[in-house]
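We call the chains A, B, C and D, going by the order they appear; numbering starts again at 1 in every chain.
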Amino acid sequence: MNLNLIILIPLIPLVVFLVLGLFYKKIKPAISGYIGVFGLLISTSLAFYAAYMYFIVIGKTEGVYQTIVEKTVWMNFTDSLRIDMGILIDPIAVMMLIVVSVISLMVHIYSRGYMKGDLGYTKYFAFLSLFTFSMYGLVLATNLFQIYIFWELVGVSSYLLIGYYYTKESAVAAAKKAFVVTRFADLGFLIGILIIGYYTGTYDFETLNNPEGTSILNWASTSFMGLSALTWALILVFIGGAGKSAMFPLHIWLPDAMEGPTPVSALIHAATMVVAGVYLVARLFPMYYFIEDGFALNIVAFVGAFTALFAAVIAITQTDIKRVLAFSTMSQLGYMMLALGVSGYEGHEGLGFMSSMFHLFTHAMFKALLFLCAGSVIHAVHSNFLKDMGGLRKYMPITNITFLIAALAIAGVPPLAGFWSKDEILVATFEHSLFLYVIGLFVAGLTAFYIFRIYFGIFWGKESNYKDKPHESPGSMTAPLLILAFLSIVVGFIPFSEFISPDKAGFETHLNYPLAAIAVFAGLLGIGLSWIFYKKENELADKFASRFGAFYTWAYHKFYFDELYLFVTKRILFNVIAKTAARFDKKYVDGTMVGIGNQTVSTSERIKVMQSGKVQDYALAFIAGAVVLAIICIYLWLN
Amino acid sequence: MIPGISIYEILTVTSILFFIGVYGFITRTNLISILISVELILNASVVNFVIINKYLFPEALQGVYFSIFIIAVAAAETALAVSIIINLYRQISSVEVKDIETMKY
Amino acid sequence: MDILSLFIVLPVLTVLVLVFTKNLKQARMVALAGSLVQLGMAINLIFAYLKEIKTNDAIMVFIKDVVWFKNFNIHYNIGVDGISVALLVLTAIVVLAGVFISWKMEDLPKEFFISLIVLSIGVYGFFISIDLFTMFVFFEIAVIPMYLLIGIWGTGPREFSAMKLTLMLMGASAVLLVGILGIYFNSDSDGGALTFNILEIAKVNIPFEVQRLFFPITFIGFAVIGALFPFHTWSPDGHASAPTAVSMLHAGVLMKLGGYGVFRVAIYLLPEGALHWSWFFIILSAFGVIYGAFAAIKQTDLKYINAYSSVSHLGLVLFALLMLNKTAWNGAILQSLSHGFMTALFFALIGMIYGRTHTRDVTKLGGLLKVIPFISAVYVIAGLASLGLPGFSGFVAEMNIFVGAFENDNIYYRIGTVIAVSAIVVTAVYILRVVGIMLMGPVNNEAYLNLERVRWYEKLGILLLLLPIIAIGVAPLWLSELILKSLDPFLKGVL
Amino acid sequence: MNFSSFLLMRQEIALLVIILLLVIAEIFIPKKKKVSIVHLALFLFGIHAIIGFFEIDESSLFGGMFRTNHLIHFFKNVLNIGVLILLLQSADWIQEKIVNQNKGSEFFILLFSSLLGIYFMISAGDFLMFYLGLELSTLPVTALAAYETMKRISSESGIKLILSSALASGVSLFGISMLYASTGSIYFSEVVQVLSSTNLTLLGMVLLFAGISFKISLVPFHFWTADVYEGAPISIASYLSVISKGGAVFILMILLFTVLRPLAHIWENMIYVIAIATMFIGNLFALRQQNMKRFLAFSSIAQAGFILLGIMEGSKLGTATVVYFVLIYIFSNLAAFGVIQAISLQTGKERIKDYEGLYRTNPNLSLVLMLALFSLAGIPPVAGFFGKFFLFTAAASKGFYLLVFLAVVNVTISLYYYLIVVRAMFLRKGENPIPFFRNKIYMRIGLVITVLGILLLGIYSPIYDYIYDLSSALN
């Protein structure tokens, strides 16, 4: 395999970004779109070439897929600790390359239609390229610090793209929120990295993840508050991942992030960047698994499960379709985390890991598709809200069909992609813990319910009063829809476990028919319920909602987490701490310094009477001074 | 050497003289009186020099001629002071010490 | 003339020529020519230095030693190592950018450029000095023009700010003088002669009691100019009142004297004192880091925000220096450089915004990205660099500092480190707040629609500062190696 | 007695000759041409100052009453230069305001007499010579202080000066009599051999010290300073603050280092206290002054406090640093007074407020004043910095770090008020700034010399080395 070609995969988007960014005034919008698409087309082909070479041509050596690493020193910290830049190729990296390439390419193509006529067209493509570059870099990272670097870069690309409509206050606020919340999570990540670096002396994944490596064997050497230092580090790293993957309670930025252009939501906030957290945990999976008997992994599992449930409940109540999709994304990410959390390491025990990656893969396809469809709808009706839609199936047949396929996929209806991956997750969970399995199953039902709720709401039901008739989107937008729809159908049949497993050896999986049946039933139940509620305009849904009353309102308001955070940040951090700091600085610190000066001046004012202008006072002072001096001298002499 | 009178008594007198001078300097309100007080201070020193020379170190006359010089300088000083005071009197028709306080603080 | 003395002689010549200039046009051309040559020399110095250290493994190279006051053993003794070379380049770049930014200095132009260049003489001299006395002389030379620069060409409460700044800095340097004298009179502890020579003193084992006494004095003396909490309060007022180029030079270069001095004098010469006191100052500086960041959140004046951000960033420098290991030191130097470029860039941009809108109040500004896109875009980039985004110099520096700080397994150090690291979040908050309010959002004042676009000289000034930020951020290795090589001598004392 | 040994008194004799020549000239020059006496005096004194640089042997005269050595000789030369600059700066004033009152030649005669007194004072080998020199240096100045007979404050200042100085000389005489009582001699060389610390000697020392402190205006013997400076003509204030003070510092150093050396452990503490008090009081009072002369008066008090830091060292290093500082101080203060003189002569304005906007109308004058103030404040690269730094070094060499610390605190305070003047000149535009004017040639020469001194004395190190080499003379 030619590594130089692999290195080109991230570099091409970088070059595109630089070209578009530096010459954005000179390049015509139409051309910049072509440059972006063309660049990514090459990257995508190279990604497929890499996959082909890695899995098929090179294949396994001694029963496992070898990890290929090529790196160069970027900066030295100490004799052992340094940041390398390079590429690391192993099964999950290759898989992610495919995901990123495919989705990004689709979004690029789609955006050419969606963003047509926008003033910042070139800028938009530049940012997209920047993001793609960063994401590639993150995927291919060879060590913790490299991943952190690109982690931050995807964060900032996300910031720039969410805030793309920068004249809109809400977009600006959302961008800021996304950045700050993930930044807060990254703080945990960074401290985690620092701890790992200090205790293991390396940032390299190869060394860290080696089950016979010193870091894994010696984890118990240091402890802090009952847990080993490395467990703490892994928990902190997971906090970083949780921030990016919008795990509870760091999820609040993701719904707001929907302020960005819809293709961006599809690319960044559904398919690629948000799975970075999952990818990070998967990347460090051996560490998570072996250190302190997977203590940190349990946390991952529970957080994942809770988030899956929590987000699904909220998703039911939302009326903004992009937000529904956002919560759906959260929920599915929770699923992936859950799967990772329940996974074992060797052979078939690695089912959770495998299924998580599998779900990541399939989810990327159908969720991107859902978003792009939503974008197509929004493009047509100029609104995000369900109340402004309805009955669109007549006007937008392609969008309708593709959306339906995606919805079926996410609902886990066989034989679409979602069914296969979700089924594996449920199997893995079932083998680990019944409790988590029940949650997972319940979420599967909820998922089907809410996704079909919006499906019916958009394409069926009563038509709104459209100002101008909605029409199907242009070919540049529908083509990606069709491609993704096709992928959503077929990717489930890839024998994923052959390629991806924690120990990289691969294993056989078989459909567990009873569990699959239960899962499918749950999905169908959800679909059925939403058929009853939302297919035709009726009162049932409202009645049902009012039955739940307070709980519904809570869920509608996302359990008031935004308000809670606002309270903590605005009221406490800004108004109390920051204001106090600013005032303290002005009043006391500065006050002291200025006070010293003023005190000196006022002392000067106070003692001015000494210089009374009376020559006799001067004489008195003279004599008194002499006497005092004499007393001092004689006193000193006596002692 | 004055028989029957020791150096201590004389030195006590000169010290008293000195402090009378200082007291006068500080309390008098008339510039001329202050000048007289200064003379007292100087004279205390003059007597001191003479007495010390006579009683303690009679072999040389250092103290004595020192005192002569002091008297001469004191005379010059007085003359100068009085002339300045007269000049002031021309301008403000006063030789009171309270009238020379325009510059202060 | 040796390669280093030129750094003093050339600005002096520039000043002399400036004295005879008649108007703004002449003055700025002379200043530009002078600072261009300086930059050329600085860049030339990098190559000369890299060539020199291949054959010369002395601690400092290009040493020029001339006896000055022989009775005190005061020498005009100059030399450079990697650290000073890097800082010299920083200075040259910022000065040149400052000249560009002051292109339209209508009021007393000649005097302005003279003061600016005199200031740079002080800075250059400080960085190349090996002799404590010479160093101190240059230190004060660098500080005093600030009074005139702020007082004459400043805005707002300029007289008050100028006075406050000067008094606090000179007060600090006065304290420093005690420290320097203390070091000087103990430089014969091993039986040698009294000396001001830093390299000589470093070889002497100064008794621990003396180090314990004089370390805090020397440290505080230098750290005030490095905005150590709670002696930082000259900086917000000073920066807010200063004219653009002066803010740039002051925050970009002058405040670096603090960190450099702490390192070169306090830590290098009094290592045992440093070990003894480091915990205390670490807590102080770490507190300063987070405190500055929090205080910046609530400010509305752009310059105040940046000033508090400087307090925070430079707190990190002091914090890192006290960690007493190579990685953190490397980070501290890198942070000095990075902050120098970044904050100078910020002040340049703020100056441009102020020059166009006549306000620095963020709440009154809005939507500038639409009307002055170049300036605003660079502001965003500078902001991102400032909050430590990879790809920019700030990240490189901060990571070195944090990794270095984590090398110390001691509870005080750990607490300080975690506090300091947390500041990266707060930094993001205040920077994005400004970006959000001022640059993004709708244009909130019709007058802003006709703002003048960026001029060529402004563009040059901006790019001059932006390029190093990116260069260091993308390829830090060569620079950090350059610095790392020079750190070994410092390590001897603290092991 | 070999008459050639009178050459040791060459400076004194030359000055005396100048005085006599001026007296003769006063008689023979017709009234209309009295202005030429200014040129004559300047010319004569200029020659005298130049001749002064020729070497003189180290020896003593009159059985030790008068002595001289290279350091004393050097110091006299320093004073000569100071007086020369002072005369250059005052020449215009004398020509315009004094000569027409027919008092031109007296001014020079009195001034030179006072300088002669200082010569004798610092060359003194016994207390008598010291006393006579002291009086000779003071009395003519009191006359000069009251020289503007039409001005009330001038007379007032004259009275204040003469009364205070009479008290001071009386007190110091009383002290000398005590020292005489306990040692039996008035010769320095004999006194030092038998001096030991007793009540009497300590009291004598304190009183003697008070008398000299009066001239240096150390706290609490300084009160006359501000009033007299304010009232007296500027050239006299200038003379008092640099020449008279410089001479007194030098004799104080001689007395403390040679005569009173056996009591060093006592006077060290005394000076410590006085130094702190002087610096603080001087600075605190200077802070709020509005009048430039008063302002410089308090500034000069504070400077005297700094000088004491050098004296604390008590040996060669201290001597060298003090002499060096005084040299620099003479140049700096004369530059400041020169500018004030020039402005006062042109406009009659003496308040700091009047200086607002000066830079924009008279840039050169304000630059000179700024340099002078920076030098007084001790900011590099001008000379004052080096002077102060070395003084502090001298004090630190004996381990007085706390004192040095308090001194540097005071440097910061002093910087504040020096910057107030700079602020007025540079930062403010002023509603009614002093209009542009050109100085006459003498004033310009005087200012240029001071500026050169301020710029070069510090950086050009051989000067300090030279002083240091001479300084062993005192020990």
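FYI, contacts are C-beta pairs under 8 Å (C-beta built on N, C-alpha and C of every residue); 3 or more make two chains touch, one makes a residue touch a chain.
Computed from a predicted model, the values in this text were never measured in an experiment.
Chemist: For subunit A and subunit D, which third chains touch each of them?
Modeler: Looking at subunit D and subunit A together, the chains touching each of them are B, C.
Chemist: Note the shortest touch-path length, in steps, from subunit B to subunit C.
Modeler: Shortest path length, in steps: 2.
Chemist: Is the C-beta contact count larger for C-D or for A-B?
Modeler: Between A-B and C-D, contacts are more numerous in C-D.
Chemist: With centres defined as the mean C-alpha position, give me the subunit C-subunit D separation in Å.
Modeler: Roughly 42 Å, centre to centre.
Chemist: Please work out the Cα centroid separation of subunit A and subunit B, and write it as a whole number of Å.
Modeler: Centres of subunit A and subunit B (C-alpha means) sit 96 Å apart.
Chemist: Please report how many Å separate the Cα centroid of subunit A from that of subunit C, as a whole number.
Modeler: 37
Chemist: Averaged over CA atoms, how far is the centre of subunit B from the centre of subunit D? Could you give it in whole Å?
Modeler: Those two chain centres are 27 Å apart.
Chemist: Return the residues of subunit D touching two or more other chains; collapse runs of consecutive numbers into ranges.
Modeler: Residues 159-160, 163, 167, 171, 226-227, 416 of subunit D touch two or more partner chains.
Chemist: Mark out which residues of subunit B touch at least two other chains, giving numbers and ranges.
Modeler: 22, 25, 34, 100, 102-104, in rising order.
Chemist: Where in subunit C do residues touch two or more of the other chains?
Modeler: Residues 167 of subunit C touch two or more partner chains.
Chemist: Dump the list of chain pairs that touch, please.
Modeler: Taking the chains two at a time, the touching pairs are A-B, A-C, A-D, B-D, C-D.
Chemist: Mind listing the subunit A positions that touch subunit C in their complex?
Modeler: 73-78, 81, 83, 145, 148-150, 152-153, 156, 159, 163, 166-169, 171-173, 175-176, 179-180, 183-184, 186-187, 190-191, 194-195, 197-198, 573-574, 577-579, 581-582, 585, 589-590, 592-594, 597
Chemist: Within the complex, which stretch of subunit B touches subunit D?
Modeler: For this pair, the touching residues of subunit B are 18, 21-22, 25, 31, 34-35, 38, 41-42, 44-45, 48-49, 52-53, 56-57, 60, 62-63, 65-66, 69-70, 73, 76-77, 80-81, 84-85, 87-88, 91-92, 100, 102-104.
Chemist: With touch defined as at the start, can you tell me which subunit C residues reach subunit A in the complex?
Modeler: 164, 167-168, 229-234, 236-237, 291, 294-295, 297-299, 308, 326-327, 367, 369-370, 384, 387, 389-391, 395-396, 399-400, 402-404, 406-407, 409, 418, 421-422, 424-425, 428-429, 432-433, 435-436, 439-443, 476-477, 480-481, 484
Chemist: What residues of subunit D sit close enough to touch subunit B in their complex?
Modeler: Subunit D residues touching subunit B: 127-128, 131-132, 135, 139, 142-143, 146, 149-150, 152-153, 155-160, 162-163, 166-167, 169-171, 173-174, 176-178, 180-181, 184-186, 226-227, 230-231, 294.
Chemist: Which stretch or stretches of subunit C touch subunit D in the complex?
Modeler: 68-72, 74, 133, 136-138, 140-141, 144, 147-148, 151-152, 158-159, 162-163, 166-167, 170-171, 174-175, 177-178, 181-182, 184-185
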